[in-house]
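In what follows, structures are represented as structure tokens.
Below are two complexes that have subunit A in common, paired first with subunit B and then with subunit C.
This part shows the complex of A and B:
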């Protein structure tokens, strides 16, 4: 649905040309530079237009039009402009609002767990406590190489009563666990997401920690900071930009929750076909054949995603500035 | 050993889901193009026909054997909720829907509104119209226009285990009151057995209960879609089943699952409240229980004024992409009204449909193999029951979605959250935005 365009590619487009050259060659160089820039950036813009702008435009268009028949709906169809009707329908649909609520709860559980968990692991690896560091890294990263649908399948197997060796094991200890029950199903989904993405974000944090100047850490050690204190009070503030980035990417990814609940819905009636906004959109388009509604819900989800990402960025920037002022 | 097998088959089935969709899509294209080319060569008209109904292959073979001008190409598709309806919608969107499609009653309005099923009012001959049970044709007629021809109409009946009824010394309940008393006896004697199951995946069962009680979930008589899923009769039916469940008199879990199959195999419940078609499905699914089942009328609220709803049943529609509507209608008319067609379907050994053309009951009675039901004349029973079907029921414009929300509510009830009446209310609330977004005139009523 939403794709995050890598904005970094636009950065190196302009560079100051050497000033001492005669005018004509300077103009030529500039033209050549522009030419190179446009050649290099064409693929990006072509992709941006075809996989982002056109689909978004189509969705917006679809959300404002509908194939209507008056009255009971059995007459011939006409495509008409319906204004905000589809939006009104989506926003008054308790099943859609319920889906938004579910995803909000999912974000509240998942994002802190993910950020704290992956940062903690990265700090552990960085501190040198862990032996066989590269093996640990590989083992933690490996689940990310498993495609989401396969991951969900694996966990579906582990969650399904009668199939799962885990449930069998618990049953031997006289503990009955229903991973797919009405209260356990959301944690079960959080668990799949964590398993899939923890290693990836850990690598991001680990790379950021590698860039922390060693002398700063050495200085803190000289000042008497233990490994825990230097991890929490020296290293963590220094990788703050990475934390914000991971939080935003995780948020965007989490808002589009689809694969895991869609697959688990095969095994448990506790996941409805409109469990998350993305599942609602899928259901609206492909089982209800209500494309206007699906488009409106997609636009609502896109707007919510953009607003939340913007909000997180603004909030962290504001939180940043007093600190910088104090320095 | 069986555990191992089932584990593998579940995973294989799950893994194969997306694949089969792709393969089907590919084979469709190939088949269509070949069928059209053969049309132009010979002078026979080729009609493509999609169905998930048991015995369709036998019926089509019989048709092709006895007809020269029209050749029917049959393709078996998954049943509606298993992807058959999505396949049909997508094909229609792509402009290559089959000439004739099988649509269950609840989905007829959906496909009519979407323009997939074409208006066939002028194609239905007076002869055919006269042959059909009026209640059945009423379910496929909207705004005085016919959108599909009913094949079978399925009054809800009570399939029961004769051996267990005998074992516990039970009488057949004729009213819902007696049904509750019987359920209490079963609970006290049955050693874990219960009288019945309320299927959490059975929105169509709840609809039949509401229909029988006098509910009217949808109504079009005022020129708008009036939705009232929690009207008094529906609430009465819902409260009744809620009470049974609260007292531990019935199971409440999904039926079309391994769990449900196991419950039937192990005789966990004594009765099944489903349409007449179930007899055929039962014969195929549980050959080992031959002689243990019989069929009785569904209990009534008021035996002096018997009423029934239907559960299941299918219709045939001609799609918008059909280029030979007359030929398609000839095939449909033959299929729903010819004794040869019914006989062919029944010889498949997996069907017990009650035809929507009452004149076919006699051939059906003769052709149906009664041995599974210890010689019981089930067709005569179906015939008596079919006439109790309450006229005037209307299915909604997005019934699959409505049912799905309803079943979400049922699942919550089985997990201890809310009640069946709440589920009905939630289903209505989850349906209204859909209908509004489609641009239909709607109103709501819940008395």
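This part shows the complex of A and C:
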């Protein structure tokens, strides 16, 4: 609607312009554009509504209701409005809070290791020392092509006494190691995630480093920067957008932690069925059939995810701005 | 200063160079050895697995293991493999086309609330899959789609990050002049998209396809929620169930390992064959 009004008022000016086309064709062109845009966008937005907006809405709605079984369990179930009761129940449930704590700890260990490790490897490969660079990249990238559940399976076997060559190797040196013990199970999960994604993020950083203009690096050499300084003080700040992107995606995935602990839970009593928030949701929804609790836990996880991703973006933007001003 | 001098000035001294090589070498071993273990374990006899003699050169029975895998539980593994291929290849193919078309429209056309809608797409990237699982399950139950092919197939088509990539690719690969020229020739917008723009977006389509193929092939949570009929399982869920049975009946260990090895192959093949496409896609995603 806003499009037609200005064109009507500026019509005389348009007449003066030599290249101006008649108004009717312009408006026709506009309509054709809108038509094309709607045809091209409809399939995606149909999906967005059915598998994203409606489910999110349903999750929020469900979190305020509960299926109460009347009397002695006779008669049909009916849904009643319970307000914030499910939230109160979830947020005071020690197993849910424990899950949140576990994932927080997992993030604190995993994300820095991942970002530093993959960026470090990319910088090393970019330094030009390593021969067979593309082979090294391919080898490091390989685990990304291994599905998460299979990565977890491989490592589960490598953690299992009697099957694992690693444990056997340690045993030869008289060291007993239990990868699935109370203090080792979280690092064991971190290791699986790291193994799966290190190479992928390394390739992201490597591609970004390749895009750094060579003149910038040459200039730093003229200024007397050695290889280490040029890597840390020249190249790293230049790939900052990639670092932020990798950090945010790693965070979003880390908060959903499910596959690895779900599989390891078969092998160790250290992992309960409510080990992480996602496992808690699964357990509440499909084992306990408590939809209200599951929905409330989902909404809490959603809010935490959005708040943290938003926080990271804001934080990195703020950290960016003084630099920008100084330039 | 010539480029050659710069290169040599940036090259670390001998000690540093050795350290670099050792670090990269150890990292490569870290990523390769577990994969190598999978290959060796898949080719060994069941007893050799637990004997710890995995790196010895005896007790090979690769062919027999393959036979066992395909005959286990009436050959259901073939079925799972076929399902995974169907979910992943068809899903990624349709999903990539849908996302790219939408990203292209975001880039090339002007309409109201464009940036707000794009913000919604980006927000969708952030939402954990586990949050959507219960509502999707209830919706599928209500429409009678639960425990059918469609209950897994429809949700995996949704790929908001693909729309973001599509917009980036469209900016980079399809110059606006091309569209102007096509309009001058009187070609319709959709015809231009299908005949001209889509061809230029080729590498972008491949990239989004490959990312989505990986995501669907890896998908485990959604099938676990939706499916109870083993005949509809993808490989990931099938192997998980077999592994769960292995705690009771150990003869499953060997088939799980062999099944895992075969399940890894398609993605490795796809990544190697389509290398030059997805590497360009990774940079497009980070340039903002």
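One rule holds in what follows: the second predicted complex is superposed on the first by the 298 of 327 C-alpha atoms of A that agree within 3 Å, B and C clash if a C-alpha of one lies under 4 Å from a C-alpha of the other, contacts with A are read in each partner's own complex, and residues count from 1 in each chain.
To be clear about the criterion, a residue touches a chain if its C-beta (ideal position, glycine included) is under 8 Å from a C-beta of that chain, and two chains touch if they have at least 3 such contacts.
Computed from a prediction, not measured in an experiment: that's the story for all the values here.
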Figure out whether A:153 sits in contact with subunit B (first) or subunit C (second), or with both, or with neither. both
Check the residue A:266 against both partner chains and state whether it touches subunit B (first), subunit C (second), both, or neither. both
Looking at A:45, would you say it contacts subunit B, subunit C, both, or neither? Reply first, second, both or neither. second
Output check: A:86 vs subunit B and subunit C. Expected answer is one of first, second, both, neither. What do you get? first
With the two structures laid over each other on chain A, which partner does A:247 touch: subunit B (first), subunit C (second), both, or neither? neither
With the two structures laid over each other on chain A, which partner does A:286 touch: subunit B (first), subunit C (second), both, or neither? both
Taking the superposition as given, does A:66 touch the first partner, subunit B, the second, subunit C, both, or neither? first
When the two structures are overlaid on chain A, which partner does A:111 contact: first (subunit B), second (subunit C), both, or neither? neither
Greater subunit A contact set [subunit C / subunit B]: C
Scan A:163 for contacts with subunit B and subunit C and give back first, second, both or neither. both
Between subunit B and subunit C, which residues of subunit A are contacted by each of them? 153, 156-157, 162-163, 263, 266, 286
Can you list the residues on subunit B that touch subunit A in the complex? 3, 6-7, 10-11, 14-15, 85-86, 89, 110, 112-115, 119, 142-143, 145, 147, 200-201, 220, 223-225, 254, 258, 397-398, 400-401, 404-405, 407-408, 410-412, 414-417, 426, 429-430, 433-434, 436-441
Contacting residues of subunit A [partner subunit B, same complex]: 66, 68-74, 76-77, 80, 82, 85-86, 88-90, 92-96, 153, 156-157, 160, 162-163, 181-182, 263, 266, 269-270, 272-274, 283-284, 286-290, 292-293, 296
Would you mind writing out the residues of subunit A in touch with subunit C in their complex? 2, 29, 32-37, 39-41, 43-45, 47-48, 50-52, 54-59, 62, 120-121, 124-125, 127-130, 136, 138-150, 153-158, 162-163, 165, 168, 195, 198-199, 203-204, 207-208, 210-211, 214, 217-218, 221-222, 226-228, 230, 239, 241-242, 245, 252, 255-256, 258-259, 263, 266-267, 277-278, 281-282, 285-286, 291, 294-295, 298-299, 301-302, 305-306, 309
Okay, in this complex, where on subunit C does subunit A touch? 1, 3, 6-7, 9-12, 16-17, 20-21, 23-24, 27-28, 30-32, 34-35, 37-38, 41, 49-50, 52, 54-55, 98-99, 101-102, 104-106, 109-112, 120-121, 123-139, 154-155, 157-158, 160, 163, 183, 188-190, 193, 214, 217-218, 220-221, 225, 235-236, 239-240, 243-244, 247, 253, 256-257, 260, 263-264, 267-268, 270-272, 279, 282-283, 285-288
